[in-house]
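Presented below are the structures under discussion, each in the form of structure tokens.
Both complexes shown next keep subunit A, but they swap its partner, so subunit B is in the first and subunit C is in the second.
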Partner chain A sequence: MAVKIEEKNNLTVCYIDGEIDINTSPDIKKAFEKLIAKKVPKIVINLAKVTYVDSSGLATLVEILKNMRTYGGRMRLTNMAHKIKSLFEITKLEKLFEIIEDEAEAITTFI
Partner chain B sequence: MDTEKEVIISARNVVKKFGERAVLNGITLDIYRGETFVIMGGSGCGKSTFLRHLIGALKPDSGKVSVLGKDLSGLDEDALDAVKKKIGMCFQSAALFDSMTVGENVSLPLREHTKLDRSVIDIVVKMKLEMVGLRGFEDLMPSQLSGGMRKRVGLARAIVMDPEIIFYDEPTAGLDPIVAGVIDKLILDLSKKLSITSVVVTHDMKSVFSIADRVAMLYEGRVLEVGESDTVKNSKNPMVRQFIAGSPDGPIKFFQQKDDYLEQLIK
Partner chain C sequence: MNRRSDTGKLSLKIPSDIRYVKEVSSGILKWLKPRNLDDSAIFDIRLCVEEVVRNAIVHGNNNDKGLKVLIIYWLEGDHLIVEVEDEGGGFDSGKVSDPTIDENRMKLGGRGVYLVRHLMDEVKFNDKGNKVRLVKYLK
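Here is the complex of A and B:
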């Protein structure tokens, strides 16, 4: 698993590569804690290269969102594989997150 | 049966003796990924003993049990633990720790086996309790719950590590018919939604045919019949028919002493 962070159009775009599971979730949380400490206002997380998300991975994304909301920050998830999107639906999390089909759209419409 | 289905559990000629008494007499079965497989049979037929072989709690005297592609007999403790992390177990008694809250019971496997932060674990627990209809019950003690609720907490704990297989031991035993129906529905929902393979040991006939994709009936430590739920339900085998009907009369004898009673008394 790897997290790559880029700045695009005054937005922070994060690319996660690999699995978000019990083993990798703590590292993902740490990577985002740095952004949260800086109170980054808008984060787009591109999940195109995420092959698997387990419950701890979902909970980690919820935790990141929760922490961002404490300072009014917003997060968007993009490029989710169908299998992963259905996981968000089963756990009713699709209504909690802003899930956008692709990164470009998420960036241009992120007001 | 669809030949493309992936075998996730396989038992080959599993024999187990307790002392002189053979409890499993050569069980051969395949269970496929994603199906709900019910093992039924009367008390003492060997179904619980067989289940304990599938979770690695017992080793066969001869024969082989493979789970998730691993032969359990050949695994050292660490390798067996790795397999066990991928399976969930729902016990007959719910097996909750009475001194812990519902939330602590559900989170126990995560606290023991992972390095997740407490805040993340708390969110996972909420998600799992939501799945079994008990969100908001985190701070209650098991003693404050009904039998059905305790079972649901046990179920939430069984799925907390996202298992690939869940084993249920008599999940509806001791529950009233409505609560038993709720548990059956939960087993089905979780199996389908989460694509979990479910292996259910039960003698609750109503439960068997409402949840099973396939059914195996064990008798005297052997597989008497195995097949699709409807096939077994309409079986012509008189033993299977007697068991399903719950009839005291038939080929299955409930008193099977081999020695003569009077001879045994004066022996």
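Here is the complex of A and C:
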């Protein structure tokens, strides 16, 4: 698992590559802790290269969102594989997260 | 670690250490390889097996490395059956809270069993709550 962070159009875009599960969650949390400490207002997380997410992985994403909300930050998830999106639908996390089909759209409409 | 009984059932006994979780799911999926399952079924089986084995280790056996988790799996026609049993005191499966309701949506835990119930075709706990039986219909 790897997290790559880029700046695009004054937004922070994070690319997660690999699995988001109980084994990788501590590293993912660590990568986002730095952004949260800086109170980054808007983060787009591109999940195109995420192949697997378990309940711990979902919890990690909820935790990052929760931490961002403490200072009014917002997060968008993009480019999710169909199977992973279905986990968000089953657990109704689709109502909690802003899920956008495509990264470019998520960036240009992130007001 | 793997044993085959006379009934064709395979069994695996692991210590209560989450490092073994992936080994269990990988072993079952490797055994299922000749079935040429689609990616969605493979994902469901991996996720559900890992969730219930991890629950057995963490919640059932309370991470006590002296306690074991027994996994038995077999095929009945097109049905994959996986039973996971821990040596803990059990839990009330009827009292698992619904993670999808508004007040629980921001909670960090509580989605594992819920996902398993959705992704498997049958999920049954024993009365004590220390053994779960998963059934996946392999189409």
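FYI, the second predicted complex is superposed on the first by the 111 of 111 C-alpha atoms of A that agree within 3 Å, B and C clash if a C-alpha of one lies under 4 Å from a C-alpha of the other, contacts with A are read in each partner's own complex, and residues count from 1 in each chain.
Following the convention adopted for this analysis, contacts are C-beta pairs under 8 Å (C-beta built on N, C-alpha and C of every residue); 3 or more make two chains touch, one makes a residue touch a chain.
Given the structure is predicted, the values throughout are model-derived calculations rather than measurements.
Enquirer: Clash or fit: subunit B against subunit C, after overlaying the two structures on subunit A?
Expert: Clash: subunit B and subunit C overlap once superposed on subunit A.
Enquirer: Going by the contact rule stated at the top, is it subunit B or subunit C that touches a larger number of residues on subunit A?
Expert: Of subunit B and subunit C, the partner in contact with more residues of subunit A is C.
Enquirer: Considering only the touch criterion stated at the top, classify A:I90 as touching first (subunit B), second (subunit C), both, or neither.
Expert: Both partners, subunit B and subunit C.
Enquirer: After the superposition on A, what does A:V62 contact: first (subunit B), second (subunit C), both or neither?
Expert: Touch partners of A:V62: subunit B and subunit C.
Enquirer: In the overlaid three-chain picture, which partner chain does A:D54 touch, first (subunit B) or second (subunit C), both, or neither?
Expert: both
Enquirer: Which partner chains sit in contact with A:N79 here, subunit B, subunit C, both or neither? Use first/second/both/neither.
Expert: Neither subunit B nor subunit C is touched by A:N79.
Enquirer: Once the structures are superposed on A, label A:T12 by its partner contacts, choosing first (subunit B), second (subunit C), both or neither.
Expert: A:T12 contacts neither subunit B nor subunit C.
Enquirer: Quick one: classify A:K29 as touching subunit B (first), subunit C (second), both or neither.
Expert: Only subunit B is touched by A:K29; subunit C is not.
Enquirer: Kindly list the residues of subunit A that each of subunit B and subunit C touches, one partner per complex.
Expert: 22, 54-55, 58-59, 62-63, 90-92
Enquirer: Flag every residue of subunit B that touches subunit A in the complex, lowest number first.
Expert: Touch residues, subunit B against subunit A: 110, 113-117, 119-121, 123-124, 127-128, 130-131, 160-162, 193-194.
Enquirer: Which of the residues in subunit A come into contact with subunit C in the complex?
Expert: Answer in residue numbers: 21-23, 52, 54-55, 58-59, 62-63, 66, 83, 87, 90-93, 95-96.
Enquirer: Show which residues of subunit C lie in contact with subunit A when the two form their complex.
Expert: The touching residues are 18, 21-22, 39-40, 43, 46-47, 50-51, 54, 99-100, 105-109, 111-112, 114-115, 118-119.
Enquirer: Mind listing the subunit A positions that touch subunit B in their complex?
Expert: 22, 25-26, 29, 54-56, 58-60, 62-63, 90-92
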